[in-house]
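Look at the two complexes coming up: chain A is in both, with chain B in one and chain C in the other.
Presenting the complex of A and B:
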């Protein structure tokens, strides 16, 4: 028998709930308009700019995954880039060996996400079953990503190859094919441009809605309760370690999705994608937007990334300083995040108007 | 009456400090039992041993006929033990309703979950606060919410660590009534308590712990009249 928990209707009902901001016709109309504008964007911009926008969308998966781990489950991971980089390399190695025909790049994408997610599951298992908590989760995860970066940086020699794929040390791998869709006659290669943009936009919408359903489910309830008071959750009969490990694996799989898509987008991946700067940036996106709400995380990440890239034009170090300042301002002035603050403010105005 | 809890030779030491010194204790099903003793007697440590938060150095704990000595905390809870802590262990950022949902959703779903939440809001008189963040409740209301979270899963044994700490006399009396109600529904209750008026209100039997050992056990009248109990609480007068 299908329980009321899992019927399609009850799943849709969980698109709204206490764990996610935004509900009712006003919110969903605004969401539909935002998606329509995003869908119309390629009609108004040149292919290069659209390819750039696709780049922003790629990172949102890692940000949403970090939102689940940090914002909802309360474990600050400083090393989501470990899963990002591992999946990026995995996509490169698999596609360079298998090729791009028959939609094999999609298989590579799925395998890369599975490898990243599985690695997160293993790391999460040892951390949470080893009773590592609080700030130590950040230290362990940062160590993992830095170890991976250092390891990949020393793989320059010709002996460091997996089949046809040379790992290439600090210079990184390149030359892997972009995502390809099998099509009658000829495959469609998704180079940065409108087609890839639409694929990513669809994926973002699916992942966002899927996460809303998950976070408003009983699983999401327990994650938030663990963030608030893990001891009490254990004393309600839940295996806290299991929930934390699963949340960490889900967050890792989302980071891996970003990593594999990033490699497919730019057709390169380097060890610096797992370095300290790369590891810190997702924390800034999520903190600035608002870690405790998935919508705020999504909006905040896109806005901050767009701003970061605009600043990068004037010099990357200068942009990083601004990012650091933005994090400081957020922590001091709006610890819940700027987007959460704005959404709360708008919510109050709408409620006032109604009353 | 059968024993729902039986503790034999329970011992735990932290370095040179012995917090449980070979405790033998049993609790009949359906009992309302209070555990008292001066500060440092080992009451809270005994609770932590029962809950699996400390691993004993020696001894066994049998609950409902099964040895639970080596089970983890959440496994003991799943067997039918529930607990309410001295400091309210609620989820302050979540609403009262969400707190109850988290507590019950593992056992119930759909309509039965809604019915149980409604029943517990009735029980705690917190209907008006259903959507209020739990952190905004008064101290007494937070204590009741936690009691509701602990009993909504219908445990066989409810452990209460100073359930009336910080409560007003009215709130304390109401809590006592709640516990009688729960006991009438078949829940065995074991409470650590300092407030002797409250102990008189709820306890059928009382056990006094001292230096990690059972000092004496009896009815409240027997305990109050026991000269040794007065001595360990007040000390011996030096005339």
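Presenting the complex of A and C:
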């Protein structure tokens, strides 16, 4: 029986539930160890490697958002990069106009996420209230991101400016301030390095736990029910379109968070971040990891990103071929995702021990 | 005279866009309409056709033969892909999109590695004609005729040939067709091959007008997807009128406001159309005549 009141206790109880894998002391001990190792990581590595690890963490938000939209709500979006890029540009435009003092970069971050989420809400409204289903969601979202890319790529020239910020066409914007925390006397600028890493790690943990609670709440259960059988959910009196639109907006906001953080991390954003190749990457992370479980999505994304980068070091041209092949093999051989397969396997071993 | 000139310019612009939309979306529409599979490697089949055409033309074959070679090679590659990958995914349409995307990544990057970042193309043949002081490419006029010919040919193929009857039977009631002795697997294979060959044909036809780069498929992909989305599942009552309407919108906006607004106009149209007509034009037209 799910209680309808929301006390902190009932929220915490939803960290475990039917929609997320992993429960009990074994799982949470493993999770705590993983977080502890991640927290201790900057002590063992140099600043550049830590900044690089922060780069991986940035993408996990977009992946988790796609996990909600695709894995849980069953709407395959190819266009998460549209919200990513829009928020990246928004962060750039806002910070270039307002500057980095007084913690305004954090305001810019929040505004950028809001803009991305709102755009996703509008697109989602037109799609889901138009009863778009299945493959068409993928095509429409893909078209949106590709058109945005084309649009941003032609904004070269001085007439394309928003306040102080020039959009710079194909070369993209650069020179935005990094995230800056207001501090007594002296602001702390978060350049790629340990401090940014800790901020991102904290955000990832909060978002991950928050999503677990959301997915095990009645909202998440309805999403999964819609994925399995939208007609039955409609018959039971739920507004399927509303739930899908909200899930899409949440996914878009997560992609936007990634985009704004990415701009803050590298201090640049280009139109190609919304292109066909960029749009394919989140799909690969989520599909390979396992889309129907948020933990698998998170682990899979980090593993695939790390693998992708080490491949790029040894031969950048071959990395994309390997990614494409990985995607094909996953779809054909392990449609649930490789991490989900591994986790089910581990779960079976532990259950055997108990019996 | 001035008016006539402008009218001709508009018609030319419209016809050019219409031809581009029809030719580039035909392969996608056939595969989607017949099999329900969205082929994200569509652009790569186009690229394949274009590359083969350019190579064959430079090897000395006359251009029309080279274009046919390109279409045939793309079709053969398509049938191979269907046999190896798509065949296993018919009951999982979303996964088949993902798989074709994987193929697309491999193909784009593979071509980049093997053949380099550009390839020598073939020049646009036939020169130009002059109408009222402005010159127009004759080859593009030929493309417009090709687009109409393509629609006519597909109509004959699907509605006046044995293949067409069997193919339509296979789409409508696969089990019944199977029970009546149709080899449905082979039909799916052939249909996918036909779609790929049409994509290759698009690549071949547009090869003389474009720069040959491994990512050239991406220039076709938005327009062809948009046309299929607006048109719905049927190529004749859906994709063809959709192409005409979209061409009108795009040509008009491009003429008055520039290239960019043409493209944005397309996107807005799509979003509005799916909100008003979820089944696309073909769904709407079929619904009203029923």
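Everything below uses one rule, namely that the second predicted complex is superposed on the first by the 349 of 355 C-alpha atoms of A that agree within 3 Å, B and C clash if a C-alpha of one lies under 4 Å from a C-alpha of the other, contacts with A are read in each partner's own complex, and residues count from 1 in each chain.
We adopt the following convention: contacts are C-beta pairs under 8 Å (C-beta built on N, C-alpha and C of every residue); 3 or more make two chains touch, one makes a residue touch a chain.
The model shown is predicted, which means the values in this text are computed figures rather than measured ones.
Peer 1: Have a look at where A:134 lands relative to chain B and chain C in the superposition and call it first, second, both or neither.
Peer 2: second
Peer 1: Just chain B (first), just chain C (second), both, or neither: which does A:218 touch?
Peer 2: Once the two structures are laid over each other on A, A:218 reaches chain B alone.
Peer 1: Pick one for A:276: touches chain B only (first), chain C only (second), both, or neither.
Peer 2: Second partner only.
Peer 1: On chain A, which partner touches more residues: chain B or chain C?
Peer 2: Result: the larger residue contact count on chain A belongs to C.
Peer 1: Is A:126 touching the first partner chain B, the second partner chain C, both, or neither of them?
Peer 2: second
Peer 1: After lining up the shared chain so the two structures overlap, which partner does A:154 touch, if you call chain B first and chain C second: first, second, both or neither?
Peer 2: In the superposition, A:154 contacts chain C only.
Peer 1: Chain A touches which residues of chain C in the complex?
Peer 2: 32, 36, 38, 85, 88-89, 92-95, 97-99, 101-106, 108-110, 112-113, 215, 218, 221-222, 225-226, 228-229, 259-260, 263-264, 266-267, 270-272, 274-276, 278
Peer 1: Which residues, counting only chain A, touch chain C once they are in their complex?
Peer 2: 76, 78, 123, 126-127, 129-132, 134-136, 138-140, 142-144, 146-147, 150-151, 154, 275-277, 280, 283, 287, 317-318, 320-321, 323-328, 331-332, 335
Peer 1: State the interface residues of chain A toward chain B in the complex, per the touch definition above.
Peer 2: Interface residues on the chain A side: 3-5, 18, 218, 221-222, 224-225, 228-229, 231-240.
Peer 1: Across the complex, what residues on chain B touch chain A?
Peer 2: Counting only chain B, the residues touching chain A are 51, 72-74, 77-78, 82-83, 85, 89-95, 98, 101-103, 105-106, 109-111, 149, 153.
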